[in-house]
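Here the structure is laid out as structure tokens; the discussion comes afterwards.
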Amino acid sequence: MRFRAVDLRYGSGPEILRGLSFHLMSGSFQFLTGPSGAGKTSLLKLMYLAHPPSGGAIELFDQVVKGLSRDQMAAMRRRIGVVFQDFRLIDHLSCIDNVSLPLRIVGEEGKSVNANARELLEWVGLDGKMNSKPATLSDGEKQRVSIARAVIGRPDLLIADEPTGNVDGDQGVRLMRLFEELNKIGTTVIIATHDEGMVARFSHPVLRLKEGCLTRIQ
Amino acid sequence: MRFRAVDLRYGSGPEILRGLSFHLMSGSFQFLTGPSGAGKTSLLKLMYLAHPPSGGAIELFDQVVKGLSRDQMAAMRRRIGVVFQDFRLIDHLSCIDNVSLPLRIVGEEGKSVNANARELLEWVGLDGKMNSKPATLSDGEKQRVSIARAVIGRPDLLIADEPTGNVDGDQGVRLMRLFEELNKIGTTVIIATHDEGMVARFSHPVLRLKEGCLTRIQ
Amino acid sequence: MPFLRRHQAFSQHASSQILPIILAVMVYLSGLVVIGAMILDSSISRWSGNLQANLTIQLGPLSKAGDKEALETIVKMLDEMEGVDSARALPLEELEELLVPWIGGDVLGDIPLPRLIDVRLEPGAKLTSHKIMERLAEIAPNAGIDDHSEWINSVLKLGHLARVIAVAVVGLILFVAVVTVALSTQAYFAVHQSTVEIMHVIGASDRYIANQFGRQALTLGIFGSFLGMGLTLITFTLVQEVAADATVPLIGKIWLTPLEWMTLGLLPCVVTLVSMITIRLTIFFTLARLY
Amino acid sequence: MPFLRRHQAFSQHASSQILPIILAVMVYLSGLVVIGAMILDSSISRWSGNLQANLTIQLGPLSKAGDKEALETIVKMLDEMEGVDSARALPLEELEELLVPWIGGDVLGDIPLPRLIDVRLEPGAKLTSHKIMERLAEIAPNAGIDDHSEWINSVLKLGHLARVIAVAVVGLILFVAVVTVALSTQAYFAVHQSTVEIMHVIGASDRYIANQFGRQALTLGIFGSFLGMGLTLITFTLVQEVAADATVPLIGKIWLTPLEWMTLGLLPCVVTLVSMITIRLTIFFTLARLY
């Protein structure tokens, strides 16, 4: 993934990100830190193609994003797994249906889909909540459903926004192991977090975002 | 506040909390910890009168809650400030209107209300976001708005559910200082968190919730 | 009031733009149908009134010379009867003209002829042909009456039917309007459910919440209803303009009496009221579910 | 299909219960009004048809004995005319009965009398009284015709007016139904906005999203529309039952022709279609706003 002089502003508001340029190696594992309101989520939005940059160019999977057709963009999004800071589960679907959604939208059906989703939910410790609706889950549980949904499609790029913000320490470590596992089989992983303990514990390169500028810390 | 053999179950589901009995001194400062899904939020819901217990009795401000009229309950709720884990801001109101809501519902009007809200928002570091709608805020910013709303009425009881889960370390400490400040002028404070660093840093008594049972750690 | 204004931010959701439109559409629809029914009703009244207001009385064959006096007495009596506007004997010449095709001009000179009296009743008079006959029987036992009863009955039946249908349509549409308004109001409220829950849990009393939303709904309701009424009036005025050029047969009037205007004015009020009541009930049930 | 079934969970929001009800109410309303208009229309047709189908022809005074032959020729000619159902001369006795009150029984024996021929036209025949007169002129120059034209014109005008009003009401109500359906569908969609956004951002193609919701809306639309149509049919059947007991005057029939049934069947289809199109457009605009 490559960013070239990327700017971002919402509507006619102030510039949140200014002239970001960097290159992320495929298969790398990165942390993204920065104070609250620095623009971490905004930067990730650019990466998972939820918002267009107001300037500059983004290259993803060796393709320039600008100028792609809507179907090509959708195909690209399917190669990206996202853990949203606010979970974004579909209220009307049960946990297992939320988790299997990324498989279903590419037309996969049948038992293997369900088995897959079930296995992942067990892995994140939600054995008993398969058929619960998101509204009846605790925030930590929602976050774990969201993580399961992000990884079920074995994405080429995994983007996680504070994925351990609502779970306790042990569980957090367990989830980080899941991401490292995925990274080993080739997925590029980017994790935004403000949990400095977590960053210190795992020795991965860190990108630090502050006042719209990015610095790289090894 | 006193709990006597309080049970909680949602609908006909399993018991989340079983036979909790404890007494919290007025003016105390407590942490509430426990793994994700242990029932911290559920216990707090009982305290801020958002859900009735399925068994047992709750005493708040030296009054048994059961049997109070709706108006008396509302009056009691107005003496409690709550920071929700999921913020619960009103989407259609700007930050400053969200923050001043607890004053407006008791009929306070005029400039002092606005000045008050403005001061608090500055304190939590949201100088430039007074008139933004919640949808345009980062999660850390929403959390701070939620905190400002909880404390503006100088409540007798402050209940905060992971109030520093979405902000960075420094800001977290700053917010904890705000709660301690409030505690000094007589407010009882209860903070649910899974941030062990935070709990270690501030030496306050801890309630630990696990598998529906509560243990007190000094 | 700045607070009120600010609280109207409650309503900036898409559905709060749709609610007033639906209310407006419903008021417009009911308004036009009610106006139409009123005009139809008054036209039918006039029409059947005209039919009934006109009788012909036949006096059995009188000799040409004699009985002129008797005829005048009868006409005078009729003319003075309560409910009669005017009575007039058909002149002999007109009568002869009427009869020529029947019996040939050459015979007419010799035979005694029946005489016809044209009676116009006052509009809305309660006088029936039966009553007139009773009075006539005293002085002219061989009189007959033609109140066009066969035709009148047919036409009156048709008019009556049209009225029944009009009332049924108006009733149906008012019912549908009320149902639609209630349903739309509920749909409008759905997106504000969470707002109510938040207000409740931070300690707002039930009355406060109901008042805030009630005021909100009142504003939207009044806006929507009167928009609809405005459209109705515009349409009505246009129809009046068009009708003024091309006089429509049989439609007596294209204007409303003050009473009819008042009835019409009730419409937006009812719609607003229904919307208000729905909001209140919905809030009541929402709050009742909360602890 | 379990996936389809599970995706119907999309619709478990309150507003998805309200949408089918609003559709049902709209179909019900339009259905009743359309049926009413159809019955009114055919009643008016029948009624004015009956009026036109009946003429009286007068032949100038004939002597009692003579011209019997001429009368028969004329009746025969009329009877054989295209568009005439039957023609029949009024017997002398009936004629005399009619005339007694006019000129007295004692005179009747001597004078020549006019003869009346009662002509019934075939239903829907294009024959006008003018045409008949032309044909008659050849053999009976002194014939007159009474086609009740004054009355007929009045009644036909009233019927015509009723039709115009019915068409206007039907048009207005269909318009309102379409607007209400479109608005309600949009309100229904409002609560699903976030679902669309989530599906989009995890990589669902526009077509996939549109299809999922389209299917959803189709199910709700069909359910609502046919519920409404069912209610219409129940109401219609009840009205038929009631009307069968108390024969309503002048309303010819309380049943529909196959063509009318088909027209009626179009209603729920149109409503479902409008709902579908609205959903598609709304999704299209929602997605177009997303990157």
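By written order: A, B, C and D. Residues from 1 in each chain.
We take it that a residue touches a chain if its C-beta (ideal position, glycine included) is under 8 Å from a C-beta of that chain, and two chains touch if they have at least 3 such contacts.
Here the structure is a predicted model, which is why all the values come from computation and not from measurement.
*Asks:* For the chain pair with the highest number of C-beta contact pairs, give its two chain identifiers.
*Replies:* Result of the pairwise contact count: C-D comes out on top.
*Asks:* Report back the single chain whose CA centre is most distant from the CA centre of chain C.
*Replies:* Of all the other chains, the one whose centre lies farthest from chain C is A.
*Asks:* Roughly how far is chain A from chain B, going centre to centre by Cα mean, in whole Å?
*Replies:* Their C-alpha centroids are separated by 29 Å.
*Asks:* Give, as an integer number of Å, the spacing between the C-alpha centres of chain D and chain A.
*Replies:* Result: the chain centres lie 63 Å from each other.
*Asks:* In angstrom, rounded to a whole number, how far apart do the mean CA points of chain C and chain D lie?
*Replies:* That pair's centroid distance is 22 Å.
*Asks:* For chain C, which residues are shared contacts with two or more other chains?
*Replies:* Residues 13 of chain C touch two or more partner chains.
*Asks:* Looking at which chains touch which, would you call it a line, ring, star, complete or other?
*Replies:* Its topology is that of a ring.
*Asks:* Which chain pairs here would you call touching?
*Replies:* A-B, A-D, B-C, C-D
*Asks:* Which bits of chain D are touching chain A when the two form their complex?
*Replies:* Going by the criterion above, the answer is residues 3, 6, 9-13, 194-195, 198-206, 208, 291.
*Asks:* Show me the residue ranges of chain B that touch chain A in the complex, using the header's touch definition.
*Replies:* Those in contact with chain A are residues 10, 33-37, 40-41, 85-86, 136, 138-141, 144, 162, 165-171, 194, 196-197.
*Asks:* For the complex, give me every residue of chain C touching chain D.
*Replies:* Interface residues on chain C, with respect to chain D: 13-15, 18, 21-22, 25-26, 28-29, 32-33, 36, 40, 47, 58, 60-61, 99, 101-104, 107, 111-114, 144, 151, 154-155, 157-158, 161-162, 165, 168-169, 172-173, 176, 179-180, 183-184, 186-188, 190-191, 248-251.
*Asks:* Contact residues on chain B for chain C in the complex?
*Replies:* Result: residues 48-52, 70-71, 73-80, 82, 88-94, 97, 101-102, 104-105, 109, 149 of chain B touch chain C.
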